[in-house]
Amino acid sequence: MTKNLNLWVIPLLPLIGAAINGLFGRRFKNAMVSAVALLFTAASFGWAAWAVWTVWPGSGIALPHIETLGTWITAGTFSAPFGFYLDQLSMIMVLVVTGVGFLIHIYSVGYMAHEGGYYRFFAYLNLFMFFMLTLVLANNYLLMFVGWEGVGLASYLLIGFFFLKDSAADAGKKAFIVNRIGDFAFLIGMFLIIRHFGSLNYDAVFGKIAAGHFTPEAGWGIFTAIALCLMFGATGKSAQVPLYVWLPDAMEGPTPVSALIHAATMVTAGIYMIARSHAIFNLAPHALQIVAIIGCITAIFAATMGLAQTDIKRVLAYSTVSQLGYMFLACGVAAYSAGIFHLMTHAFFKALLFLGAGSVIHAVGGEQDMRRMGGLRKLIPVTFWVVTIATIAIAGIPPFAGFFSKDEILGAVFHSPYGGPVIWGIGVLTAGLTSFYMFRLWFMTFFGELKLGSVELGEEAHAAKAPAQAAHGAASHSHGHADDHSHGHGGVHESPWIMLAPLVILAVLSFVGGWVGVPQFMGGHNEIEQFLAPVMQSGPAVAGEAVSDKDATTSHAGEATPENTKEELFLAGTSVAAALIGLFFAYLFYYKSPELPDRITSKMHGIYMMVLHKYYVDEGYGAIFVKPLLALSTVVLWRGVDQGVIDGLVNGAGTASQGVGNELRQMQSGNIRSYAAWVAIGGAAIVAYMIWLGVTR
Amino acid sequence: MVPLSWYLILSGILFSLGVLGFLLKRNIITIFMSIELMLNAVNLSFVAFANYWHTHPVADKSIVPLSGQVFVFFVMVVAAAEAAVGLAIIIAVFRTRETLNVDRVNLLKL
Amino acid sequence: MNPIQTVDYIRILPELVLTAFGIIIMMADPLLKPGASRKGLGLVALGGTIAAIAATFCQIAWSARDANFATPGWFGMVRVDSFAIFFHLLIPAISAVCILASLEYLDAQNIRSGEYYALILFGTVGMVLMSSAVELVLIFIALEISSISTYILAGYRRRNAGSAESAIKYFLLGSFATAFFLYGVALMFGATGSTSILKIGPALGSNPGLLAIAATALMIVGLGFKVAAAPFHIWTPDVYEGAPAPIVALMSTGPKAAAFAVLLRVLFATTSSDWLPLIWICAALSMTLGNFGALMQNNVKRMLAYSSIAHAGYLLVAFAASNEIGRSAAIFYTASYAAMNVGAFAVVSHFGAGGERYVSVDDYSGLGRRSPLLAFTFTIFMLSLIGIPATAGFLAKYYVFNAALSANAHPTALVWLTIIGLVNSAVASYYYLRLIVVMYMREPVIVEAPAPASGAMKLALVLAAIATIYLGVMPGRVLTYSDAGARDLLPTAAAAGSATPGSSTFPGPVATTPEK
Amino acid sequence: MNNSILTLVTFVPAIGALALMLMPRNDRALRWAALIISIATFAISLFLPMYYDYGASGFQFETNRNWIGQTIHYHMGADGISMWLVLLTTLLVPVSVLVSWKSIHDRVKEFFVLLLLLEMAMIGVFLALDMFLFYVFWEATLIPMALLIGMYGHERRVYAAVKFFLYTMVASVFMLAAIIWLYVHTGSFDYSVIREWIRVSIQNGSVSGTALQWLFLGFFIAFAVKVPLFPLHTWLPDAHVEAPTAGSVLLAGVLLKMGTYGLLRFNVGMFPDQAAYNSSWINTLAVIGIIYGALVALVQPNLKKLIAYSSVSHLGFVVLGIFSLTTIGADGAVYQMLNHGISTGALFMLAGMLYERKHTYEFKEFGGLATPMPVYATFFLLAVLSSVGLPLLNGFVGEFLVLSGTFQSAMPHAMLFAILGSSGVIWGACYLLWMYQKVFYGQIHHDENKTLPDIDGRERISLVPLVVLAVIMGVASPYWMKSIQPAVVSTLPQAAGVKAQAQKDHNQDKPDLVSPVLPAAAAVPNASATGGQK
C-alpha cells in the first residue's frame, strides 16, 4: 500500500515562514513575526507527526517510504532527485527536529523580545528548520548535502546575528569555514559513491550493498575510503576532533540558537549521516575503528576542556562536543541505534540546559560568567528545577534519560571489537568528568552567594568580555543588540512563562525520554532499538569481521542471558558510580570548600593554564595553518608570483620592447651619408648574396 | 677589339666611385655629382651591352639590340631633369640652413 | 600598317588625361593673382583624377570588347591587363583623396601655388605608368616622373627647414637608389639583350646567369628603397616627418603601390625564385624595424612612417609566399593600406593646423572629447592599421598570412615568417592603440578646439573611412579584381597573351553588367 | 524567422548603437534608448529557448550564406551551449545599462554606443560557426571593452585598458594563425567541415600529430588568456579594478566565457585527441588557478580585486570541467559559465553600487554596512552565497557537476585534480565570507558610512533578475540541462583517439560494471530492483 504523504511540505513550510519574515518582516510587528514563525514551524511539526503516525510500523505502508518530487540535477548518466525518504531513522530525526525546534521557537519569542532584528532572527531560524528537515528527509546524499550546507549557512547567520560584535562575526565565519572543510571531504565521499554506485540515492546505494554485490575483500579499500570521507565530513558538522574548534566559538550566537543548532539538531547531523550510511561503514571496519577512536578522543578531550571554563555557555558547548563524541563512539562500534538514542535524549536535555542557561543569563542581565553567579536557586526556582533535571540527565543518573542512552553506548563499546575495555574505560572516565563539570556549573550557578559585579575576574574573562562591552554602546542604538540586556533590571528575575513553558516540557522529556530504551536486563524492551532495527538491518548480512561485530551488538541488545544481565548490571553500575563520584567532587570543590579549586589550580598551574586555554588548539591552528597561509598568499603568491614574476615578465616585455625600439631608432642618425651607407651596405649584401648564389650553383 | 668585360669593369668602377663619393663627400653639390657619375657609369654599360648584342644577334627577332644606345639618351634626359629639380631643392636647403654641408642637414632624426 | 593604333592611345588614356589636366593647371596658374587661393586649380586637379578614373573605365570597357587589349602595345612597352587596371583605378583614387585633403591644407599653411596640384597629377602619371609599363627603361622613366614630382612636393613647405631637409634627403637618397635600379636594368639588358619584362623571363629560363642575378639584386635595391623595405627604409621617417602631411598621404601609398606593382612584375618575370630568401629577410626586418622603431615615437607623422615600413614588411610576406594567392594578397594589401593610411594622414594634416603645429601624440589628448567625429574616423584608421577585423587592415593582413601559410615552397620558413608577422602586428597594436588611448582616455592638453574640417576634408575622410570599412566587410569584389590581376601577372599568361583572353579580361564589367 | 532570428539578435544592438550615434546628446533620452534597445534584444533572444527543438542535437536556427568569396561564410547557429550564453549576454546588457544609469554622466552617448557594440560582438562570438566570422567577432569585442575601461574607468584605467588589449591581442594572433592554417588545408572556414576534416584526417593519418598539437596550442593560448587561466591572468585584476561597473559585469559575465566557450567548442570539439593528450597540464593549470586565485583573493585589500581573483578561481572550475572530457564535467562547466556570469555579475554590480556611494573599493573604508544598508546587504549575501556554491543556488550545481565529472574522468590523475579542485569550496568560503565580514559586519568606523543610503528602486530592479535566476538555476537545473546536455555530448570527443573516454561513458550507463576494484559486482544484475523498496 502506498500513500502520498507529500513529505516535501514538511521542510517547505518553514521555508515559507522564512521567506515571509525575510521579505516583509521588517514591516511587521514583533507579534506578527513570531506568529508567522511559530505557525509554520508548528504546521511542519504537525505534518511530520501526521506523516509519522500514518506510516508507523504496522500501518501497512512499506518503509522506507520514498517520495520523489522531481529531478534536481541531471547530467550525463547522473541524476539526483528532489526525493524524500521516511523510515524509522528519519522519523525520529524529523520529530526531534520539528518538536525541539518548535519548543525553541516558542522560547525565543520571549528571549528575543527586546532584541533588534527580531524578524531577521526568526527568518533565519525558520530557514534553519527548512534545511535541517531537508537534511533528515532527503532520499539521496546530494539532497542531504543541501541540508548539510544549508544548516551551515543558517548557523553562520545566527552565530553572527549580533554582527556588530567582531567576535560574533568571526565566530560565524569560523563555523562556516571549518564546516566547509568537512563538507569538502563529504563531497569527495559523494564522488566516490557516484563512481562506484552510479547514484547517490539511498535505495540504490544500500540496495546494491544489501544485494550482496560487494564482499569486504573486494570492496574493502573503496568502502574504507568512502566511509573515511563521510566520517571526516561528519567531524566537521558534529564538532569532532580535529574540527570541533568552531562549536565553542559558536556560543556567540543568541542562546536559543545554541540550544537548537549547536546542541539539539544541527551538530547531530554528522551522527545521523553515519547512521544513515551504516551499510557502508559496516563494510569498512578500519573506518569504524577510526570513528570510534575519534569519538573517544573527542569525548574525553572536550570533557577536560569543559572543566575549567567559567562561561556558562562554553561549559555547555564543550559538554556538547563531548556528548557528540559519545555518539560518534556509538557509531564507531556499530551501535547506531544507541547513537541515535543518545542523540535524541541529548537533544532533550542539552536543549533544556541551554535554554535554562539562557533563562539564567536572562535573569542576571546578560552575565555569562559563572563566577559572578551563585545562589540563584531561590530567585529563579523554575529554572533551577528544570536545570537540575537536565543536569541529572546528562550526568547519567538513572532513571533520567541520559543514563539509558549513555549506558547503551558504553555497553556496546565494551563488547565491540572496535571498542574494548580501554575505550570503555575512557568513556566511563568521561562520564565522571561530565558529571563533575555539570554539577560544578549547577553548584556555581544556583548555590552559594550571588556575586554579581563583585568578583574581580581573571584576565581571561576580561579579555573575553571587553569586546562585548565595547560593542554595547553602539549595539543598544541599533538592531544588532548584544546578549547583555540593557533594559536595566534592578535585581534578578524569573523569565516569563513563554520561556519557561518549553523548559518544563523539555524537562519532562529529559526525565522520561530515556524510557523508550530501557534495556532488557532492567526489565525493559529497549523499544527504540527494536524500532530502529529494520533500518539498521537493511544493511547487508555481511561476511567476515563486520558480521561478527554486528552480531555482537545485536546479541547485546537482543537476548538476555543471566551472564549477560550480570555483566550489564556491572557496566551500568560503573557508569552510575562514575557519575556519582563526579557529583561528589563537584559538591566538594564548589559547595563544601570553594577554596579548594584555587589551591589545586595554583599547584598544577601548568596543566590548569593548558586546560583553560583549551590546549592552545585555536592558537596552534592559527600558527600552523592560518598565518602561514595568509603570509604565503600575500608575500609569495600575490606580491611574488602575480605582481613580481608574471606581471614583471609582462611589463618587462613591454619595457624591453620599448628599449629595443629605442636602440633601433638610433640607426636613424639624421645624417644623409649614413643613410646612404645603409642603402649601400644593404645593396652590397644583397648583390653579394645573389652572386654567391649564382656562383655556387 | 676591346672585350665587353673591360667596359663592364670600368663601368663598375665608375659606379663604385659614385657610391663612394656619395658616402665620403660632405658638400651636397659634390654628392649630387656623384649620383650623376653613377648614372653615367650605367650609361657606359648600356652602350657596351648594345654593342655586344649588336654583334651577337639573338634568336628572338623582335628584340631590337640597338635600343641600348637609345636608352642612354633617356637616362641623360632624366638626369637633366633630376639636376634641375635637385639644384632647386639644394637652393631651398641653402636658404633655410645657410649651409651646403650635408652633415649639418640633420634636423630630422631618430 | 601603322605600328601605333587607336587602341594604343586607349592603353595610355589615363596618363594622357592626367598629363593634360596637369598642363592646364600649369598654364592656368600664372593667370591667377599671386597670393590668391588656388582652390579652383585643386578642383581642376580633382577633376583630372576623376577623369583618369573614367579613362580607366574606358579601358575596362575596351578590354571587354577587344580580347587583344591586354597584349602589350606601344612597341611592347605598355600592357594594360587586369593588374594594371587595378592600379589605374587605385592610384588616381589615392591622388583624388590627397587632393581633397590638400585643398584645406594649402590654405591652412598659406601655400599659394597651383603647381602643387599639377605636380600631384604628374606624379600620378608616373605611378600609373609604372603599373602598366612592361619595359624596364619605361619603368625607369615612369619611376623618375613620379619621384621627381614627389621630391618637389616633399619640400613644399618652403619656409620650413624640416621640409627642405626632407626634400633633399628624399632627393639625394632617391636618386642614389634609382641609380642602383638603373644599373640593374642595364645588367639585365646585358644578360638578355632585352629590357622587356615579357621577354627577359623566357630568355632567362629557370636558371639565370650571374649577370641576371646581379641585375635582379640591384633592381630589388632600387625598388626596395621606393617601397621603404628594410634595409632601404631608412629615409622614410625623416622624409615623412618633414614633408607636408597630404603629400605624405600620397607618397606613402601611391608611389609605394606603384613600386610594389613594378616589383611584382619584375620579380615574377622569371620562373627563378632565387630572391625568395632575400625577400624573406627584407620582410622580417621591415616588420621588426618598423614596429619597434615606432614604439617610442612621439611624432605622429614619424610614427606612421615607421608603421609604413612595417606594412611594407607585411606586404613582402605575400611576395615571399611566391604563389598566386600571395600576389593577389599583395595587390589587395596595396589597396587596403592606401585606404587606411591616406585616411590617417588626412586626419594628421587636418589636425596639424597651420605650420603643422600639432603632430605629437600628446597633442591628440582628449581629441575624442574635443572633436568626436575626427577622433572616431581616426580611430577607424588606427584600428585598421592594427588589423582589427571588419577593417581593411585585418583582411589585408589575413590574406597575406593566408598566402604565406598556403605556400608550397619553403613552408617551414613561411610559417616562421607568419609567426614573426603576427607577433609584430601584436606589438604594433601598442603604438596605434596609444593614439586611441590619448584621444579617448586622456584629458586635452590643447585648449583651442580644432578648426572644423572643410567640406573637402570631410569628404576625403569619409571616402577613406568608407573604403576602409568596405574593404574590411565586403571585400569580395575587390578581391576578384586582385585575383584576376594576380593571374595576369604570371609570365605564362603574359607570354600566351592573346591565347587566353579570358584571363586578361578585366572581370569588372563582366561581373557588373548582369546586375545593371 | 527561424533562420533570421540569430541575425536579428546579433545586429539589433548594432543598429541600436547606430541609432544612438545619430541621437542628440540628451543623456536621459540616450539612457532610455539604450535600455529599450537592450531589453528589446533580450526579448528577441527569448525566442531562442522558446523555439528551440529540445529533442534535436546539433545546431539550430542556422543561417549560412556566402560572405567573402566562396569560402568565408556568414554562418550562424546556436546549440544548447551557445544559446544560453547568448541569453546570458542579452540579460546582462540591460542590467548593465541600468547599473550605469547614474554612474555614467560624462560622454554618455559614447558609453552606450560602446556597450551595444560590445553586445553585438559578444553575441556574434557565441553564434558564429564560421571560423573567420568567429574571429571577426572575437576581435571586435576587444575595442569596445578596452575603450569602456579606458574611458570610464578609475585612476589606472589607461594601464589596465592597454594591458587588457595587448594581452588578448597578442594571444589571439596565434588563434588567427591556426585558423588560417586550417583554412589552407581544408579549404573551408566552416566549423563542422573542419571538425569532420580533422576527424577523417586523424583516421587516415593524413595530418601529423605535431601539426594538430600546434593548432591546438594556437587556439588554446587565445582562449586561455581570455579565460583567464593561470599564469595568463594578470590582466584581469587590473582590468576589473579599473573598469566601470558595467564593464566589469560584462567582462566577468560574458567576456571570460568566450574563452571557456572557445576551449569547449574549438579546442575540445575540434581536437579531441590533443585535448586528451594535453589534459594533464591544462587541468594542472586549472587546479592551480582554482587554489591560487582563491588564495590571492584571500589577501586582497580591495573589494573589486578580490572578486576579480575569485573569477580566476571560478573559471578554473570551468576549465577543469571541460578538460575532464566527461559529459558530466562539461555539462557542469557550461552550467558554471552561466552561473559565474550571474553571480559574479551581481557581485560586480553590488561593488559598483558601493563605489557610487563611497568612491572607493578599499575594505578599510567599509565595515558595519549591514546596519545602514540592510537590503543591499541581503542582496550581497545572496550573491556571495551563490558564488560560494551553496546548494539550492546556482553555483553549487555547476561546481558539483564539474568536480564530479572530473572525478569520474578517465584522464590521467583526474581524481587528484578533482580532490584538489574540491578544496576550492573551502577557499571560496574563506575569501567570500572574509569579504562579507569586512564590508558588512563589525562596528562602523567611518562616520559618513552611518548615513549611506540603501539601494534604490532602480538598483533593486537591476539586481532582482540575477538573484532570482540564481535561485531558479539552483533548483531547476534540468530545464537548462536538457538543451546543454545534447550539445555537450555532440561537442565532446568522439574520435578514435579517445576510446578510453568512450569506454568510460559507456560504462556509466551500467554503474555495476564501473569499478575495477569491484569485480564481483560485474556478474550481478542491476541491484536496485532487489534493494529498492517500492
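All chains are identified by letter, namely A, B, C and D, in their written order; residue positions are counted from 1 within each chain.
We take it that contacts are C-beta pairs under 8 Å (C-beta built on N, C-alpha and C of every residue); 3 or more make two chains touch, one makes a residue touch a chain.
Computed from a predicted model, the values in this text were never measured in an experiment.
Participant: So which chain ends up closest to the centre of the protein, judged by Cα positions averaged per chain?
Facilitator: D
Participant: Could you tell me which two chains share the largest number of C-beta contact pairs?
Facilitator: Ranked by C-beta contact count, first place goes to A-D.
Participant: What whole-Å value do you get for the distance between chain A and chain C if each is reduced to the mean of its CA atoms?
Facilitator: That pair's centroid distance is 78 Å.
Participant: Using mean C-alpha positions as chain centres, tell me how far chain C is from chain D in Å, no decimals.
Facilitator: 44
Participant: How many angstrom lie between the centres of chain A and chain D, each centre taken as the mean Cα position?
Facilitator: 36
Participant: Could you give the separation in Å between the centres of chain B and chain D, each centre being the mean of its C-alpha atoms?
Facilitator: Here chain B and chain D have centroids separated by 66 Å.
Participant: For chain D, jot down the residues that touch at least 2 other chains.
Facilitator: Counting only residues that touch two or more other chains, chain D contributes 166.
Participant: Going by the touch rule set out above, which residues of chain A reach two or more other chains?
Facilitator: Expected reply: 654, 665, 668, 670, 672, 676.
Participant: Of all residues in chain B, which are in touch with two or more distinct other chains?
Facilitator: 19, 22, 31, 102, 105-109 - these are the residues of chain B that touch more than one other chain.
Participant: If we use the touch criterion from the header, which chain pairs count as touching?
Facilitator: Listed in label order, the chain pairs in contact are A-B, A-C, A-D, B-C, C-D.
Participant: Which positions of chain C touch chain D when the two form their complex?
Facilitator: The touching residues are 368-369, 372, 383, 386, 388-390, 394-395, 398, 401-402, 405-406, 418-419, 422-423, 425-426, 429-430, 433-434, 436-437, 440-442, 474-476, 479-480.
Participant: For chain D, which residues count as touching chain A in their complex?
Facilitator: Residue positions touching the partner: 163, 166-167, 231, 233-234, 237, 292, 295-296, 298-300, 326-328, 331-332, 335, 368, 370-371, 374, 378, 385, 390-392, 396-397, 400-401, 403-405, 407-408, 418-419, 422-423, 425-426, 429-430, 433-434, 437, 440-444, 475, 477-478, 481, 485, 505, 508-512, 514-515, 517-521, 524, 527-528, 530-534.
Participant: So in the complex, which bits of chain D are touching chain C?
Facilitator: That would be residues 67-69, 107, 110, 135-140, 142-143, 146-147, 150-151, 157-158, 161-162, 165-166, 169-170, 173-174, 176-177, 180-181, 183-184 of chain D.
Participant: Could you list, by residue number, the parts of chain B that touch chain A in their complex?
Facilitator: Chain B residues touching chain A: 19, 22-24, 26, 31, 102-103, 105-110.
Participant: Once bound in the complex, which stretches of chain C touch chain A?
Facilitator: Touch list, chain C to chain A: 168-169, 172-173, 176-177, 180, 207-210, 213-214, 216-218, 220-221, 224-225, 230-232, 234-235, 237-238, 274-275, 277-278, 289, 292-297, 306, 427, 430.
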